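First chain written, first letter: the chains are A, B, C, D, E and F, and each begins at residue 1.
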Amino acid sequence: MFMHNKRLQYTVRVSETNPGLANLMLEQFGGPQGELAAAMRYFTQALSEDDPGRKDMLLDIATEELSHLEVIGSIVAMLNKGAKGRLAEGVEEQAEMYRSITGGGNDSHITQVLYGAGTPLTNSAGVPWTAAYIDTIGDPTCDLRSNIAAEARAKIIYERLINTTPDPGVREALGFLMTREIAHQKSFEKALYAIEPNFPPGKLPGDQRFTDKYYDMSQGDTDQRGPWNEGEQWEYVTERDEQLAVDGRDGSATVQMTAAEMELVKQTALRTSSDRTRNPVTGVDLGGGPGGGSNIPGSGRRH
Amino acid sequence: MFMHNKRLQYTVRVSETNPGLANLMLEQFGGPQGELAAAMRYFTQALSEDDPGRKDMLLDIATEELSHLEVIGSIVAMLNKGAKGRLAEGVEEQAEMYRSITGGGNDSHITQVLYGAGTPLTNSAGVPWTAAYIDTIGDPTCDLRSNIAAEARAKIIYERLINTTPDPGVREALGFLMTREIAHQKSFEKALYAIEPNFPPGKLPGDQRFTDKYYDMSQGDTDQRGPWNEGEQWEYVTERDEQLAVDGRDGSATVQMTAAEMELVKQTALRTSSDRTRNPVTGVDLGGGPGGGSNIPGSGRRH
Amino acid sequence: MFMHNKRLQYTVRVSETNPGLANLMLEQFGGPQGELAAAMRYFTQALSEDDPGRKDMLLDIATEELSHLEVIGSIVAMLNKGAKGRLAEGVEEQAEMYRSITGGGNDSHITQVLYGAGTPLTNSAGVPWTAAYIDTIGDPTCDLRSNIAAEARAKIIYERLINTTPDPGVREALGFLMTREIAHQKSFEKALYAIEPNFPPGKLPGDQRFTDKYYDMSQGDTDQRGPWNEGEQWEYVTERDEQLAVDGRDGSATVQMTAAEMELVKQTALRTSSDRTRNPVTGVDLGGGPGGGSNIPGSGRRH
Amino acid sequence: MFMHNKRLQYTVRVSETNPGLANLMLEQFGGPQGELAAAMRYFTQALSEDDPGRKDMLLDIATEELSHLEVIGSIVAMLNKGAKGRLAEGVEEQAEMYRSITGGGNDSHITQVLYGAGTPLTNSAGVPWTAAYIDTIGDPTCDLRSNIAAEARAKIIYERLINTTPDPGVREALGFLMTREIAHQKSFEKALYAIEPNFPPGKLPGDQRFTDKYYDMSQGDTDQRGPWNEGEQWEYVTERDEQLAVDGRDGSATVQMTAAEMELVKQTALRTSSDRTRNPVTGVDLGGGPGGGSNIPGSGRRH
Amino acid sequence: MFMHNKRLQYTVRVSETNPGLANLMLEQFGGPQGELAAAMRYFTQALSEDDPGRKDMLLDIATEELSHLEVIGSIVAMLNKGAKGRLAEGVEEQAEMYRSITGGGNDSHITQVLYGAGTPLTNSAGVPWTAAYIDTIGDPTCDLRSNIAAEARAKIIYERLINTTPDPGVREALGFLMTREIAHQKSFEKALYAIEPNFPPGKLPGDQRFTDKYYDMSQGDTDQRGPWNEGEQWEYVTERDEQLAVDGRDGSATVQMTAAEMELVKQTALRTSSDRTRNPVTGVDLGGGPGGGSNIPGSGRRH
Amino acid sequence: MFMHNKRLQYTVRVSETNPGLANLMLEQFGGPQGELAAAMRYFTQALSEDDPGRKDMLLDIATEELSHLEVIGSIVAMLNKGAKGRLAEGVEEQAEMYRSITGGGNDSHITQVLYGAGTPLTNSAGVPWTAAYIDTIGDPTCDLRSNIAAEARAKIIYERLINTTPDPGVREALGFLMTREIAHQKSFEKALYAIEPNFPPGKLPGDQRFTDKYYDMSQGDTDQRGPWNEGEQWEYVTERDEQLAVDGRDGSATVQMTAAEMELVKQTALRTSSDRTRNPVTGVDLGGGPGGGSNIPGSGRRH
């Protein structure tokens, strides 16, 4: 069960209102790398996890991320507080109101007009948060890798946000949130490597013919080599013919159909066949301008 | 520039049509862990990558994923080929058609009725593919971690799909695709660790007060410990008071407003203040049934 | 700050696994009327709310909804637990696995194949949760009305779910969740009517010419009257002419443009003008089958 | 059946073009609180409603909302008319065109470049309208409450828009639209309370143990009380132990599985178990910078 | 202004209830090729159209499509009417209710549980309608082509639906709706070709070097030729070298940066450079199972 | 199988960085009319196409569109290159960074903060690409018409983009991409008209009573006539009575239910019936301000 204490995990002190900055901060409130995504990624994993240690860790961190959602949301709310008053009371002259709403230089207008200078679960472009951001698939070695990557991404977005404001109180709170992503990444790494083996994920082994091949699919210029495709581990395949139909068959796609199915497919083919022997008059010919059209006798066209 | 050869990277041989199975396979065609997501994840990274080695690798793998998209799409097309003919010609008796369309036991009806038994870019529930699945953020140590996780996830979905069909040709092609995810994960791991240091991602260091703390936010029962929160690296914080307002202030959220802003906020507060001294009659009182409502003299209600 | 206790707010006892039922239950986990939507609706309101009483209430209820999210999610996890094991280990014969995955008769296949029989934040059709479900706009009398309506809707969805299962443990837990929606609706009603006046919402008064008019826009058959359009409060307008251009002007849309703008608009009009004097040959004429096409001399068409 | 008259329900007179203002107005055209959402909310309810009185009312109001969609859309079209000409003819010098397209200070660039300065069904941030905005669930007492809340929200958005423009013609038309939301709210309220009882919605009664409890889930500071949790109606529960496992059991989640299911779950647990006795080397150790990494003998790392 | 008459444009007579069929019919109610998409496509075009003839046509057809939305919605409502009663009253035994809800073999469960057996604006997979389906861009020759294509697609979806039901009343109404798509396509074709020239759309001419080239990008097997790439109109380019960098330069992407920009780009490159001379130990090495991992002295791994 | 060559199909030379322009260009990268939509439209058609000629054409053009995706993406990457360095290194003073991020005047802030000044698959408003943009339905005469329309739309968006920048290198590359849309449209037109007959699409003929009728649904002012509703082909129906219930029945919607179904429907009707004889007190009455509320004796309200 969740409980709440009205004190934040980190004190938020904002030195002046700024709806434009508030809007940027939404990136970590309702954006893809934000705190709701983090909290829900770990929470959904926790619910289905049977390992008591990992379950506890996932619940610990999910709960902390909810607390971070509250911190970043409070920053947004404070930055928007002036706009909220202006908007609710509507006492400004209208042209001035228009300027203050659209002058922010980013999407703060949507936060203001639609969301009342509140804390909507959108990113900084006004795109509503979607669970499509969550990549939980229910396998612990995958989900932990997803968590590691997610923490790394969130760290960077906080770094970018810190670089956009000189407000010391905001910078300090963002710095705390950023740091916690680092700590969480470390926990998830420990949890991943505490499972042995953890690679490849799942149970089915790979097909030994293809586990160590590197296909040089992009060519031209000098191909670049590095440890990801070079060394004794790798077989580097650069001939186009050896990249095609690597199973040694013909590279076609076939299906065995019943006679009835084949008959219907044939009927469709016949009904929709292209007459390739003829150069048909087309809509382009009818509608083309000078240089683009054709002459169709009797069609009444100008040229 | 992309080029295409009509031979597939892996030959597809399907032993009988099955629109229900086709629909499941869509998971790796237009689903979140599928091949379009993979191809576009690496392609978008490649375009903005300046490091020639990583750029080449990303283009190699993006191109191969497009080729995989073609392989899995060809499996779907073959499995659907019978349904496509039936649907296009419409020669079946209608009740039979209804049964064959809705009898698949999963969402194959949508693939058939809306997409003509083709190869739509949806997942197996009919949800259209969205770029919200792509987590590229433009930092190489983050993006490579995202790629590692994505390959791990895709490997598992292929494993699940392999377990759903006894068709040897389909299983073999899926096995190839699954194996390549393993190989790609290995390449991305090499590329990540060829950058040193790669942790923490980005430039800003964490706040040393918070990098090694583990907050025990979920309590009750016996707390579980493990290398992710135990050992000399970690400081385990379990007291609720030490989890709150960890900066040592009061855990509040404040903003300095101008006098004009404060005046407006005060006006709004006054206008929308709650009268807490009174127990107002509400809509529930008006509309409640026996036991739920109240008696409002003169309101004409039955009870 | 949020905290967590591993005991649920309500004990969940499921008497047998059933991935099909699990999938239906997702409606209240990641569906539009579900617990995440509720929690986030109230949480986003709380962050921007300045009235201390309402803010506290919103936080109380948001936190309880998160706890409900955990209860319904635990029901889903328990119902899916058998499928999770089968899927992860993949020991079943494939055709049997296919049947168990697709035989659920609803979208449980997506929960299984994509989400590993876990607890995804989707509705029962596999549609990812979106913040578009949240209707917070940052005005208390509106947001409270939205909350009242949301609680009423959630109550009904629980009622429908309760009617789909005889499992006593599931029914009892769902009954608890349903009941809490009733209690929350009552709180929100009290909070709404504690603001006086609360109607009309906002500050601007309506235009007195139009506040009491009822436009009978749908006619035919006998028009139905009721307290919503009948009685001394209402002026019932049924004449079409009195419904049109109710401001007394001509019902047109006009804009004053600069001369330069007018010139450009004229140019566009000229360039894209329709020649209405001519009956042009069209693509339909070129492509029509017997009875549908026309005869275009020299176009080489068959008929 | 729907019919149309080319005269608007309210005359639209715009005094000068302004694509930035046009973009803001989209909020009520294709935004979540806009007229399409209103029209479709009531129209979908009307189609399934059997009560002749409510059905007629829903059709009346749905039809009026479509007429409002036309009014607000006409305002957008007029405000955009200058931009439309400029864009279609492309006669401006390019740098000037770039300035006029991106200088609006909000998302008018998308309306112009993608939608040709037309009237797209998006909100003012360019997010396409989605039926996820519609909360119809097919129960009259719920749907009417949803309608009441929706009208209240729409009223406020109009109020905000009115405050952003001094153009008298636009203000007047917006004022009409705003007023009609007030009138519609009144009708829906009458319709709700004409059903008796209407609370709680649906048929199933609540569990009497939980209908009047208020759980004080958010604590810290002084808890705030009000009619929503105070008075004889309410039992205020503040002890954490009384909030947990309120059914009197242990607050756990359990399921009865078959022996076969249990065996598989056990296998998965074993295969993915965490070795908690060991402190594994992780990716962070491999990749950490100074102060962040560890010393792994023989791994060839620099530090 | 829109008006409504309670008589449908076409009488709907359904011979028995069937929620599964109702669900399929949603494809043309809230699906991408359905009537709402059609109505809104033409309506948004009409609002911005200045040509009086085309504007009138667009309004005529938009209004008719709204009337069709009502017809198809009424079919859905009638087919769902039995389920609606069962669901609202909940009198069935629960296991029976579960069977009737999930036994439909397609997504009718979502229509029932979430939408109360109503008429939701979703497609038959439960995906909410989105304005992303609408392709209006504000140029008449483009928009008319989009309309022609949209009518053709809608015709086919109706054809598929007709083939799924023997119910004569449903078939007849669907046949009417299908026929009207044919008629509308003819109108849009006439309107397109009444604009001369209409090809290429817009004002800017194409680059003559590239208007008649056909790039044979997909090779292998025997290339297929037809009027789309054969004949005197076309220059068929099959040599890969002639497909690349067709402007005659080197096919690279370059940008001129300021010195300051270049310096920063160089810094980033240095900071994130790959050490390609070293074969780093990776997470895969740490976590690999037998045959997959490596030996890292001192890392405490088992193998 | 796809292959890649590092040389672009068209050389990209950008003369200065400009993140605002980069953002506009996203319209053709990840927007609805952009190159990914084009490539995926044709690719999904190709996979299910059995006609060898059309399949080859679709693969040729799909592959070229992927190459165009690379060209437009490279333009975006070059325009963003300066911002990418600034952002990654974070060396600017914060207020300056804020200005450069939010000063672009369109949504470039989202590209920078969230996507690291990269090449995200969004449109210029930051809306993620969705497969809902793709209108493939699996019928060749429909899909070709969709392709024709799509090429026309893409041509116009390129034209608009060309008009926004004086950079000669960008204009030239955009001009190439625009021209290829013209060439592709011509190919698709030839392919459509090579199928005979291609109208009406599909197999089912229209209902002869309704193929040539034009319903004048929008009236008022002088109705406009043109070849789309005038001439011997058309029967113009303007009487409202002849537009209603065109099948000659009563325009009602009916369904035959079983006795049990009828009984349940009746129960629901009774339970939720409106009492139309009474004017109920409503929430509006309780909450209305001066002039808006009513007098309810004993309800404790102030007025």
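One rule holds for everything that comes next: contacts are C-beta pairs under 8 Å (C-beta built on N, C-alpha and C of every residue); 3 or more make two chains touch, one makes a residue touch a chain.
Not measured: the values here are computed from a predicted model.
Participant: What are the mutual neighbours of subunit D and subunit E in this structure?
Facilitator: Looking at subunit E and subunit D together, the chains touching each of them are A, B, C, F.
Participant: Counting C-beta pairs in contact, which comes out ahead: A-E or D-F?
Facilitator: Most C-beta pairs in contact, of the two: D-F.
Participant: Among B-C, B-E or D-E, find the interface that matches A-C: by residue number, over half of the contact pairs should be common to both.
Facilitator: D-E
Participant: Taking all residue numbers at the subunit B/subunit C interface, are over half used by both copies (same) or under half (different)?
Facilitator: On the two sides of the subunit C and subunit B interface, the residue numbers are mostly different, under half being shared.
Participant: Taking the mean of the C-alpha atoms as each chain's centre, how many Å separate subunit E from subunit F?
Facilitator: So the centroids are 8 Å from each other.
Participant: Go ahead and note the Å separation of the Cα centroids belonging to subunit C and subunit F.
Facilitator: Their C-alpha centroids are separated by 21 Å.
Participant: Mind pulling the residue numbers of subunit A that touch at least two other chains?
Facilitator: Subunit A, residues with two or more chain partners: 1-9, 32-33, 53-54, 56, 59-60, 62-63, 67, 74, 77, 84, 88-90, 104-105, 107, 114, 116, 122, 125-128, 130, 132, 137, 139, 141, 148, 156-157, 159, 162, 185-186, 190-196, 199-200, 203-204, 217-218, 220, 225-227, 233, 240, 243-244, 251, 265, 268, 271, 274, 276, 278-284, 286.
Participant: Show me the residue ranges of subunit A that touch subunit E in the complex, using the header's touch definition.
Facilitator: Result: residues 141, 192-193, 195-200, 220, 225-227, 230-231, 233, 244, 274, 276, 278-280, 283-284, 286-290, 292-293, 301-302 of subunit A touch subunit E.
Participant: Across the complex, what residues on subunit A touch subunit C?
Facilitator: 1-9, 30, 36, 40, 43-45, 47-48, 56, 59-60, 62-63, 66-67, 69-70, 73-74, 76-77, 80, 84, 88-90, 114-122, 128-132, 134, 136-139, 203-204, 278-283, 286, 296-300
Participant: Tell me, which parts of subunit D touch subunit A in their complex?
Facilitator: 20-21, 24, 27, 31-33, 104-107, 123-127, 156-157, 159-166, 217-221, 240, 243-244, 251, 265, 268-269, 271-276, 278-285
Participant: In the complex of these two chains, what residues of subunit B are touching subunit A?
Facilitator: 5-17, 32-33, 52-57, 59-64, 67, 74-75, 77-79, 81-82, 84-86, 88-89, 91, 130, 132-133, 135, 137, 139, 141-142, 145-146, 148-150, 152-153, 155-157, 159, 162, 172, 175-176, 178-180, 182-183, 185-188, 190-191, 194, 199-204, 206-207, 209-218, 223-229, 233, 240, 243-247, 249-258, 261, 263-265, 267-268, 271
Participant: Which residues, counting only subunit C, touch subunit B once they are in their complex?
Facilitator: 1-7, 50-51, 53-54, 87, 90, 92-95, 97-98, 101-105, 107, 109-110, 112-114, 116, 122, 125-128, 139-141, 148, 185-186, 189-196, 203
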